[in-house]
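First chain A sits with chain B, and in the next complex the same chain sits with chain C.
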Partner chain A sequence: MNRVAVNETISVMKPKRAIETVSKGLRKRYRAERRFRMLGLAAVIASLLFLTIMFISIFGNGYTAFFQTYVKLNVYFDPETLREDTLARADYPGLVKKTMRAMFPEVQGRRDKRNLYKLVSSEAAFQLRAMVLRNPDIIGQEIPVWVPADDDIDMLMKGHIRRDVPESERRLNDKQLAWLDRLSADDRIQTRFNWTFIRSGDSREPELAGILGAAVGSFLTLLVTLLLSFPIGVAAAVYLEELAPKNRWTDLIEVNINNLAAVPSIVFGLLGLAVFLNFFGLPRSAPLVGGLVLTLMTFPTIIIASRAALQSVPPSIREAALGIGASKMQMIVHHVLPLALPGILTGTIIGMARALGETAPLLMIGMVAFIVDVPQGFNDPSTALPVQIFLWADSPERAFVEKTSAAIIVLLGFLITMNAAAVMLRKKYERRW
Partner chain B sequence: MTPLTLLITLLVLSSAAFYLGRRRAFAVADPQKGIQSLHSRPSYYGLLTALWCGLPSLLLFGVWLTFENTIITNLVVADLPEQVRTLSPDRLSLVVNDIQNLVSGNIVSGEINPSMQAAADRYRNIQATSSAALAVVALSLAIVVALAVRRRIRPTLRARNQVELVIKIILVLCSTIAIFTTIGIVLSVLYEAIRFFQIIPITDFLFGLEWSPQMAIRADQVGSSGAFGAIPVFLGTALISAIAMVVAVPIGLMSAIYLSEYANKKFRAVAKPLMEILAGIPTVVYGFFAALTVAPFIRNTGGVFGLDVSSESALAAGLVMGIMIIPFVSSLSDDVINAVPQALRDGALGLGATHSETITQIVVPAALPGIVGGVLLAVSRAIGETMIVVMAAGLAANLTANPLQAVTTVTVQIVTLLVGDQEFDSPKTLAAFALGLLLFIVTLILNVIALYVVRKYREQYE
Partner chain C sequence: MFRKTSLLAAAMLLSFGLGSVDARSSRNYISIVGSSTVYPFATTVAEQFGRTTPYKTPKIESTGSGGGLKLFCAGVGVEHPDITNASRAIKSSEVQKCKANGVSGIVEVKIGYDGIILANSKKTQPLKLTRKDIFMALAKDVPDPNGGEKLIPNPYRTWKDVNSSLPDIKIEVLGPPPTSGTRDAFVELAMEGGGKTFDFIKAMKKTDKKRYKAVCHTIREDGAYVEAGENDNLIVQKLDANPDAVGIFGFSFLDQNADKIQGSFVDGAPPTFDAIADGKYPVSRPLFFYVKKAHVEAIPGIKDYLAEFTSEKAWGPEGYLAEKGMIPMPENERKKFYKNVQTLQTIPMP
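Up next is the complex of A and B:
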């Protein structure tokens, strides 16, 4: 006899009881329960799915930027063009063109020739110049040289430019493709690790653009931020947590700190523009100003984290220190601070990681300029990693999509390292009292 | 001497002063009783000397650097030929700029005439003199003060109390920086905004329906007289934020509920850190993702259904912003849900409610104030978020509520108005500060309410 039958017989025999009302709706309620649970799981899965899609899309787009296509040219270092007295200013682009013409003697007509020259990057001329200046003995010899290919060729080799679309919609025409095929048939095309991307500053040419300038800019900016916001944040936290009386004034400070932590970052940029640049006349685009602005943004975070760390030090420690005659300052410096330090450092690293990813305030103070040189000091114009990402994301060339993604990978790498360091610090030194 | 070397020299001097003071303390101590006769431990005498050696000079150093540029510039300008000095302020500032460029060896706009070259040389001269003077004054001040303090060291000198007082003053100063920052924000934004409202009436700004912040550069230029009605900009912000909340609140809340009420330990240990990664990703990355992946996807999907979707649709920006805010909502909700006393749950379960009924009818209502506070904070975040909208939302201010069209936001306008070359008397740049003021006020109100609600709620269950 199944349950339904039992229920029916019972209901026939006896008047209704509460339990029947309950069991009647029970199946529906269990269904609702399962549905609710599934909904919760779906929400978690959805957010993780977004994360996965984002990572896949960025890594899929970006990992190729760490490789670059190179073309082998047999360069004859012509003594005619390379005179002893004008080696530094000789016509190296002409040398590259001559080499290209020698490799494809059948190419005639100005337009075709120009298309031919477009196969290699403008860097080729500089590379030849560097070779000659380093070793003038090579003049008069024919030497195979690997030079970076143009970004369009690079994109084609990485499969971002498709061969099957009509010629008019392609960045490379059919002739260029034929030349390329011949080059690859001759083993003159190779993909190598893209050291340029790691070693050089920004450039208008995607194949020459690198992130070193932005990374150094970020480093200098963060250094200023760390040097200012860590002492200020810890000092303020110590005062508020250990010394301050509870009164209106400290309440006001507290409200201010909590509120500053939630003020939109772009407002800090406005502050930096109006105060640091226009009022104090500090240089635009400088890591110093960027660091100052990020300090104002970061120190509330550090204060909040440090206060939590100080709070977690048990009062018995303080009482013991005071009990054996330490002054309040000695108690803090000798006992409370060392015990709270791991927590404070964890909070600081997390704050720094946030500052590293911050873009909007830096846009306001002019760190968005196109800067080729790697900054040498705190007053040099520079960009920062996230700003470089923003700049490249705005560039129209297809090859910059790849560079942008790669820069994001580098940025995320730094962030993950910092956060992992924070987690490890917490795991290793955190004490439960 | 460059500022950095001077700073390092000062630090070295201070540490020398420390040893000087400490040795002095040992020297003045009673030979019989040793250091017991001193009021404080010897290092406090050292610290006192070091602090007195370093602090006044550092203060001088800061003040000097702050005003150095202005004073030198004024001196140089005063020496410029008559016809240059009587130029209009704008032109004069151009000339000054050129001189400064000459000094730092940058490329100069226009030709270098001898008077400018002379001014630049003079500038460089004064600069050299000034930095030399600064070095001499700062270092001698440090040495003199350190020696004076050293002379004052006696066994009865209450060095520890004095050092602690100085440290305490420094701590108090550090904690007031928060207030100064807020004041700085308010003043800087307010000042420029007031200048803006002197040109454009505040009612036009708040209630105008058209936003096109182009100003004519020359008086005789055609078109673009500029319209500064901020309503379309506000609506765009509201639209994108609303889309973001529609995405973030249900997903964030449900994941918080699932993670805190249903998930087993193992799942939580994996899922929670992963969601926190979502919170740690820089917004510029979200912006790139929105512009590169989400916006084309939405446009193509819309195309399949025959909808005309803009490639900078509010939907794409809002969606991605929602994803960004999910972990924010979920971690705040997680906190408040965990703060609900277990007794409430046990009571409901004991009465025969299912788990989901307990949650929807007991836990969530009990946690509601906290959740609302969290959502308000999230809204304030969405309104102030910049990079996602700069990269994925439009620039043109359309007065529309259609999420498939491009709209612009307050933050986008601030960025576009202020990035690049600016002149600080045109309404165009000042408008950015007016928008910034509004942004600050709105987020401030939201934050204060949210923080108040959350705090009140926490007290309720403590």
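Up next is the complex of A and C:
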């Protein structure tokens, strides 16, 4: 009954040509496509926008950390204080204070004097000491010396401390500002590139804090990670992909490797604490242990990337190699691995970049620490770049805000370099079949 | 070829690792763990020590007071830390644990005080609180406002509800999480101090100590108190953005950010350096560090580090730690602990 009715309506309707149906829906389909396209574009623009905001805010906050305010002092290297037999232990802070008093002879009273001494960094005394020890002939002369300014002065010069608020709300009082203005007028204040930031380790004085200790720590840690996780990862991938029989055991292994890649990194930190520190008794805070922990985290990623790279090598190459009499090992080492290498390296670099940004596992093995000396080897205590960012972000001094952003810039610089290397390797050596 | 070199390198690394087992039998730097409140002060001393003596700069981990004492009490030997910093005194349970692990000689050194500050943005008026107000505003259960000795869930929404002399703004307090030593000290000093002003709660201390602690130390969980994490800089930023909010943190953050935030008066005392130093400001706590006596001879430099820390130029009223925001001890207390350090006087073992 029903079917008859349907048949009748069809026969009653004019036969419709396919092109009519198509052109009827055409505008709608174009519209849908345009919407789809706009949506994609909007997504790209939104992500670029967030990225730009992030970069601008970090660079805006951080670039000033690469500069530092210096003050010129006319130091008279007094032979009275600098006796030849006790040069190393002479009273250099006293020498700095004396110089300051000589420059501002009108300053009287204990409190004012203390405020006056606060204009220059405590580094000044060490700088004078180094100068005298390097060249004792300067004793008895008056020499102009540029010394770093205290962090509060530096913040003021960079505009991070406002002058126009009432005196009680500033860390610098009106007298200190007046002295500073006088120094400025005499051309005794200069902003220079902050080599200290690049050349030294951490410090509690923001004007002396540097990134080198953390950068070297990160480098040593990553070196250990690379040297361990790359061979392990590649060997495991080659075995699983080329040599292993396909059975339930290898399936089980595969599932577990995928699971391992998804384990939160803090778990590896706890494992490192229990195994490497407590069981093997390796030293706390050492890049060696950090590298071992990050290896655990990185090599599953390398295995997965390497297997994908090996899979993309066409079977014909393997067959050809075997066909002309190569052994399985020769086939793998001479033909398959070189062809898969760009993919493997890309995966490795991305895994390493992830390891570079990791803090959580390092927390458990004592790498979140205040370490001034730049590490010299794999067993020296050290921190890593992201840890340094964390520690500076938590410091009360205002000047550490810009240091934090500057450290982020350095970390981002490393990450971008590593990712760019991955892209270049792929572009240069990738082969398509 | 590539594989051969990397295998070789891996083998080398492995031998490095094995070598380190021997290497740790002599450690040539001081290892310090402990409180994040003492961290900024200890690091300043350590840096000064590293620059002025031939020894290496000590390594300082910020693990929290409890975590530090746990590591400290794990045993004697170079793999264990030499010194732990704490923003509270060592507990008797911790002393026992130390003893059980062979750590029997512990030198206690009090280094100064830290004030705990309730601060709000400079854009508004400073609050004038009493400890009772703090307790009433933040406790989970408070005495029934209609009288009697009953405790009811905290009904107060605004500061004015708590005390009619306070402004009519919503109670919104950003403070540290329970893992923090600052929180421990805050509930002990401010909240308990406020709870004690009610006679029946004070009487509870003798009859039912557990309940007394629960009443005084439990902070409300209905959103008026927000746990803002351990990053005090973040709290400062949030206060600057929201003038109605009040933040809880250590004195050094107020000291460094005096252009953005102001501390509230507590019991009539302003949270200034002088008021905390002479004990007028009620919410302040002592800071300590603990030294393993057995390590003093074994690790080079500990004696000099102790001497640096207990020198007048470090912990004195004009010293560089005061500049970093630590409140120095009165002179007789400094003398007492200086003597303790000189003689390495250990705390009594149970």
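Criterion: the second predicted complex is superposed on the first by the 388 of 433 C-alpha atoms of A that agree within 3 Å, B and C clash if a C-alpha of one lies under 4 Å from a C-alpha of the other, contacts with A are read in each partner's own complex, and residues count from 1 in each chain.
Here, a residue touches a chain if its C-beta (ideal position, glycine included) is under 8 Å from a C-beta of that chain, and two chains touch if they have at least 3 such contacts.
Fair warning: this is a prediction, and the values are worked out from it, not measured in the lab.
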**Request:** Report clash or fit for the pair chain B and chain C bound to chain A in the combined superposed model.
**Result:** clash
**Message:** Quick check for you: in the superposed arrangement, does A:126 touch first (chain B), second (chain C), both or neither?
**Reply:** second
**Asked** Which partner does A:368 contact after superposing on A: first (chain B), second (chain C), both, neither?
**Response** both
**Touched partner set for A:18, first chain B, second chain C, both or neither** = neither
**Message:** Output check: A:185 vs chain B and chain C. Expected answer is one of first, second, both, neither. What do you get?
**Reply:** neither
**Between chain B and chain C, more extensive residue contact with chain A** = B
**Message:** Going by the contact rule set out at the top, does A:324 touch chain B (first), chain C (second), both, or neither?
**Reply:** neither
**Request:** In the overlay, answer first, second, both or neither for which of chain B and chain C A:281 touches.
**Result:** both
**Asked** Which of the two partners, first being chain B and second being chain C, lies in contact with A:88: first, second, both, or neither?
**Response** neither
**Request:** Please work out whether A:36 is in contact with chain B alone, chain C alone, both, or neither, and reply first, second, both or neither.
**Result:** first
**Request:** Select, from 21-29, 147-155, 183-191 or 309-317, the region of chain C that bumps into chain B once both structures are placed on the shared chain.
**Result:** 21-29
**Request:** Across the two complexes, find the residues of chain A that touch chain B and also touch chain C.
**Result:** 231, 280-281, 368, 393-394, 401
**Item:** chain A - residues contacting chain C, complex
**Value:** 114, 122, 126, 161-162, 165, 168-171, 203-205, 224, 227-228, 230-231, 234, 277, 280-286, 288, 292, 333, 366, 368-373, 378-379, 381, 391, 393-398, 401
**Request:** Enumerate the contact residues on chain C facing chain A in the complex.
**Result:** 3, 6-7, 9-10, 13, 16-17, 20-21, 23-24, 27, 29, 31, 36, 39-40, 42-44, 46-47, 50-51, 56-57, 59-62, 79, 122, 230-233, 252-253, 255-259, 318, 320, 324-325
**Request:** Note which residues of chain A are touching chain B in the complex, please.
**Result:** 22, 29-30, 32-33, 35-37, 39-44, 46-48, 50-51, 53-54, 57-58, 61, 231-233, 235-236, 238-240, 243-244, 252-253, 255-260, 262-268, 270-271, 273-275, 278-281, 296, 299-300, 303, 327-329, 353-354, 356-360, 363-364, 368, 386-387, 389-390, 393-394, 401, 404-405, 408, 411-412, 415, 419
**Complete:** The residues of chain B that touch chain A in their complex are 66, 69-70, 160, 164, 167-168, 170-172, 174-179, 181-182, 184-185, 188-189, 191-192, 250-255, 257-259, 261-263, 271, 274-275, 277-278, 280-289, 291-293, 323, 326-327, 330, 352, 354-357, 359-360, 377, 380-381, 383-387, 390-391, 411, 414-415, 418-419, 424, 432-433, 436, 439-440, 443-444, 447-448, 450-451
